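Listed below are the structures to be examined.
What follows is a pair of complexes built around subunit A, which joins subunit B in one and subunit C in the other.
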Partner chain A sequence: MSSYHALAKTPREAAEWSTGRLIRVNMRAIVGRAYPRIIGLTREPSWIFFEILLPFLAVSAFVFVYRALEAPEEFIGFVVLGGAMTAFWLNVVWMMAAQFYWEKDQGNLELYFSAPMHLMSILAGMAIGGLVMTSSRALAVIGIGSILFGVSYDIQQPWLLAGVFFLTMIPLYGMGMLFASLFLMWGREGFHLAQLLQEPIYFLGGVNFPIRAIMPVAALAIAVLPLAVGLDAMRQLVFPNSDPEEVLAPMLPVNVEIVILAVMGVVFLVAARLALGYLERLARREGRLTLRWQ
Partner chain B sequence: MAVTGRAATVRGLMLADAWRSFRTAIGLGWAVESNWSDPFLFSIYTLVKPLAAALILVVMFQVITGGSNPEFLQFLIVGSALWNVVFGVMAGLVQSILEDRERYRMIKYVVVTPPSLFPFLLGRSLARVAISFVAVVLTLAVGVVFLGVDLQVNLLYLVPATVLGVLAVMALGIFMAGWCLQLRQEAWSYPEAIAGALYLVSGAIFPIDILPTFIQPIAYIMPTTWWLEASRRGLLGHGTPGVIGGVPDGLVMLFLLISTAVAVPLALAAFAWFMRRARQAGLLDMVTGS
Partner chain C sequence: MPDNPDDLAIHARAVTRIYKAKPEPVTALGGVDLDVQPGEFFGLLGPNGAGKTTLIKILTTLLLPTSGTARVAGFDVVNETAKIRRVINMVSGGEQSGYGLLTTREQLWMFSQFYGLTQRDGWKRVDELIEITGLQEQRDQKVRTLSTGQRQKLNFARGLLNDPWVLFLDEPTLGLDVAAARDLREHTLAWKAETEGRTVLLTTHYMVEAEQLCDRIAIVDRGRILALGTPEELRRRVQAESIFRIELDQLPAQGGLAAIGALPGVVSAVHADVDGEGAGSDRVAVKVALADDSALTSVVTAVAERGSHLVGLEKSEPSLEDVFVELVGRGFGDEDGTSAS
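The block that comes next holds the complex of A and B.
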């Protein structure tokens, strides 16, 4: 029994935690949930192989298509950068959005609900761990792709680029947190939704081509998809000489896209918190919280 | 507990038993594959993914060529459509075996039934194969209706090419299923990785002449390369834009026949060996926590 329980005179008194203690417990939950993903960087070498190989195979296929079409070299760089961002998207879909469903299957979810911390802390831990883990994979895809396909970059504002990248990650993982609740609610259909969030999102996000190429749809994508906005902004900072008159031209100026990303970050994180609360109530009421394979 | 020995021959076991197992597995495979979801939603999930994959290629093509070189567009659409079968078969067979071992934990019970695993495995994966054929038809239909793909179907060439090609792809899938039975968590990624590698070397979306020269020999020995080429000729009336397009029709079919004839017995023998090893090493009821 902890010292807190020993000192408390009544159960109610034991349950009344100070703000400091609440923060400490939630911070420990974040670190605890991020730990397996960060430590997993070295513990499971086969994952490193597959998580680099799979995006790289896709990148290579699209690079060869552009080569077959005799496309300008800038397109190869677009594909390599898009491939690296794909690694983050896959991480968001499979290791954020689908994670709670798998946790339910493995019997961990009821432990999360019954432990004395907020579920957002678990999701934040997943996001931080996933971000660190996937960054190593994305860097590998960029490094290998750049060397093999001879991509050259012209980064004139590295700090701005780093800022845009981190600003992209906030709504991206916020979206993953939101989907985690929705997937849990949709149960088995969530698996199909995860499938649906791959190629269609690569298309709408302009992962393999400049997003301006799908112009009427691109405006919608820029409004709702952090991947599309972040990628367009990063491409402007990495390949700044793209001709503004041609299809390689960006959708919007970088500073406008930064504002969009910031707004998206707030919207997705708030939506994730609301969805989580709603889901918890719904799951408890319907009793589906701990039913495996549902 | 591991299943260590082969079951004694069951008297009276006939093809009918294997057929019944196969038939039951088809129903089970469909239920698991569709995940007992709403049929309308399920059809949307199933159809949008391959269409989006094809649309990515179409936009790339349009951005660079502005619509000129329609032969290349047809090449892209047919390759992208047919690749659904390769991925569907490989992923179907491998995921059936992994799901039944790891998630539903039923594989050991199936193995000890009289018809054993093989007919069950084929039936269990058939749903995904059928779905992949739907995706092929849909992608081609979109290509014809909206993108001006000019189909000039030669059934006398297409039907044998499809039969041989599907046999070859199933052989690859059976090999992969046996292989994945030997593995741990990473096994889930194998079908995607192998299909991705085949996608690169088979000339699915670009002519194989574009590949680095040291990879091109691998492309020429893969049955999938010849199946795609034969199917393009059967569907479009002409081959790919690259060097392989200059090979005569008869020779393409012959290469497909030879590569399939090599792949099928090799895959069956490998599967039998993998199963034997799985029994001996206690892998049939192994749960890796994935």
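The block that comes next holds the complex of A and C.
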């Protein structure tokens, strides 16, 4: 049998890890935890129906309403782009925020706690796996929406657009990482907490309408919700010719929104790290949260 | 044998664990002292609620002790958790860990990544463990389609991925059929024998399992270690007594088992399993420990006076359960008041 502790003669030697080894273990843990989410794409084809076709009906409903009202064509593009970003929000709520609760029920959480990698690596793996998985869904929504509704895009800065997208994902999934610990600490039912968050953020994120339509609440949303800021920045980069005097006008310039997203990314990741540390201390002290039988 | 706590596989002193609960706190561990030598197969034997799992959770760094100190592989369970986690692993009975959509092979590989095995070493180790645990036919089968026994073999393989110096097995054969439990016990012994210094801490409430596997056993009840020694040493504690297994057509009336236990010369009387052709019938089996054989006459007479008829009688060799009964005055399956001593 190959030996994990091949060179160690005693447990004390085996437990002495270099910084390099620590980093490698955590990187591999990220890959390991991302794997089930990515491989799930090929294992559960029913997601095409539940996570593309059904959400697409909601997008279609808004498109038909805007068409009936003879709204500018940009509204259609806004809805399709918002529909794509909705997939990420759903992923964050259901497969990040509520995930630790389900991991606890399955008995995974105590195995994660007792393994040598840092729990942030597990959360990062969940986030990266979720991001890859959801990107395919989001692309499908954009593709189908663009073809069916004839949406045309005017992307003059594709790299900036890609950068803003990834910059949006960091605080968005950071928020999910934070909620993963908070959900576990606050409630016995991750399901209900996820439901509680889902609709308000649809509304405050402005996924189906220009967020300026709900001023002054929009200003608050821009200040705290990565989805709202990222979507506003991406809409500016995808539809640069929207009338700046109308409701379609951006909330803030893209440069400012990039700064906001960067700050949010740091804040949410640090908060997630702190919440996780608190969760572990609480779990060990009180003997609950992580243990399947309690 | 090392005496220095840092050289022991497990060292615990006055470990207590009290859970907050209403109406009053629950003491799960009431001051446990324990030394397990490197390379030892050590068993914690006790009924449900004895505190076995709580002790394992403390030693695997999942719980803090309320007071006392504990070290695993020389590292403190409170302050050196990261180092402990690099050299241990644990497997629990009835575990449903992992993800059902993964195959057996993928699931093990995923867990290997949490211990930092490289891609190549990870897959190699996974294939070795699949072979060792006899899961070759299920290697590409989705985990959610595995039977309970196959699932527990998979869990066991997961526990060996990092070649732990100290392996914690918490009721690992819980719910398994006889063949699957035997396989698992054999795998455990084979794995431990491969390399000197591998330590296993097993919790179980199966006497046979403890006797078959363990070098030493601690009998635990209500958060305390009542006795500790080799299986032979423990059995010797009750060899001064005569133990009889009596099978009756029905439970004696007028005081039942308690009345039998109160007879002169009777040390204890507890329920035993009815097996063979009597299983499933109204028959009851009773195990009585007598100060000497002469007390048997009064037991048989008392049973007859209370309307029961003797169906079978045999003298038994003392078992670990007899030791337990001797120590706590009740059997593993008995709650307070159903037995007497």
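Everything below uses one rule, namely that the second predicted complex is superposed on the first by the 274 of 294 C-alpha atoms of A that agree within 3 Å, B and C clash if a C-alpha of one lies under 4 Å from a C-alpha of the other, contacts with A are read in each partner's own complex, and residues count from 1 in each chain.
Basically, a residue touches a chain if its C-beta (ideal position, glycine included) is under 8 Å from a C-beta of that chain, and two chains touch if they have at least 3 such contacts.
Only a predicted model underlies this, so the values are computations on that prediction, with no experimental measurement involved.
Peer 1: Would you sort A:Ala283 into first (subunit B), second (subunit C), both or neither based on which partner it touches?
Peer 2: second
Peer 1: Using the touch definition from the top, say if A:Glu44 reaches subunit B (first), subunit C (second), both or neither.
Peer 2: both
Peer 1: Going by the contact rule set out at the top, does A:Trp17 touch subunit B (first), subunit C (second), both, or neither?
Peer 2: The second partner, subunit C, only.
Peer 1: When the two structures are overlaid on chain A, which partner does A:Arg33 contact: first (subunit B), second (subunit C), both, or neither?
Peer 2: second
Peer 1: Which partner does A:Tyr112 contact after superposing on A: first (subunit B), second (subunit C), both, neither?
Peer 2: After superposition on chain A, A:Tyr112 lies in contact with subunit C alone.
Peer 1: Looking at A:Ala68 after the superposition, I want to know if it touches subunit B, subunit C, both of them or none. Which is it: first, second, both, neither?
Peer 2: First partner only.
Peer 1: Once the two structures are superposed, pull the subunit A residues common to the subunit B and subunit C interfaces.
Peer 2: Shared contact residues on subunit A: 44, 106, 293.
Peer 1: Help me check something: in the complex, which residues belonging to subunit A touch subunit B?
Peer 2: 44, 46-47, 49-50, 53-54, 57-58, 60-62, 64-71, 75, 105-106, 188-189, 191-193, 195-196, 198-200, 202-203, 207-210, 213-214, 247, 293
Peer 1: For subunit B, which residues count as touching subunit A in their complex?
Peer 2: Spelled out, the residues of subunit B in touch with subunit A are 35-38, 41-42, 44-46, 48-50, 52-53, 55-57, 59-65, 72, 76, 103, 184-186, 189, 192-193, 196-197, 199-200, 204-207, 210-211, 241, 289.
Peer 1: Could you pull out which subunit C residues touch subunit A in their complex?
Peer 2: Interface residues on the subunit C side: 6, 9, 17, 19-20, 38, 53-54, 57, 60-64, 73-75, 82-90, 92, 95-99, 101-102, 106, 109-118, 121, 124-125, 128, 132, 142, 158, 161-163, 165-166, 194-195, 197.
Peer 1: Once bound in the complex, which stretches of subunit A touch subunit C?
Peer 2: 1-5, 10-12, 14-17, 21, 24-25, 28-29, 31-33, 35-36, 39-40, 43-44, 106-108, 110-117, 122, 283-287, 290-291, 293
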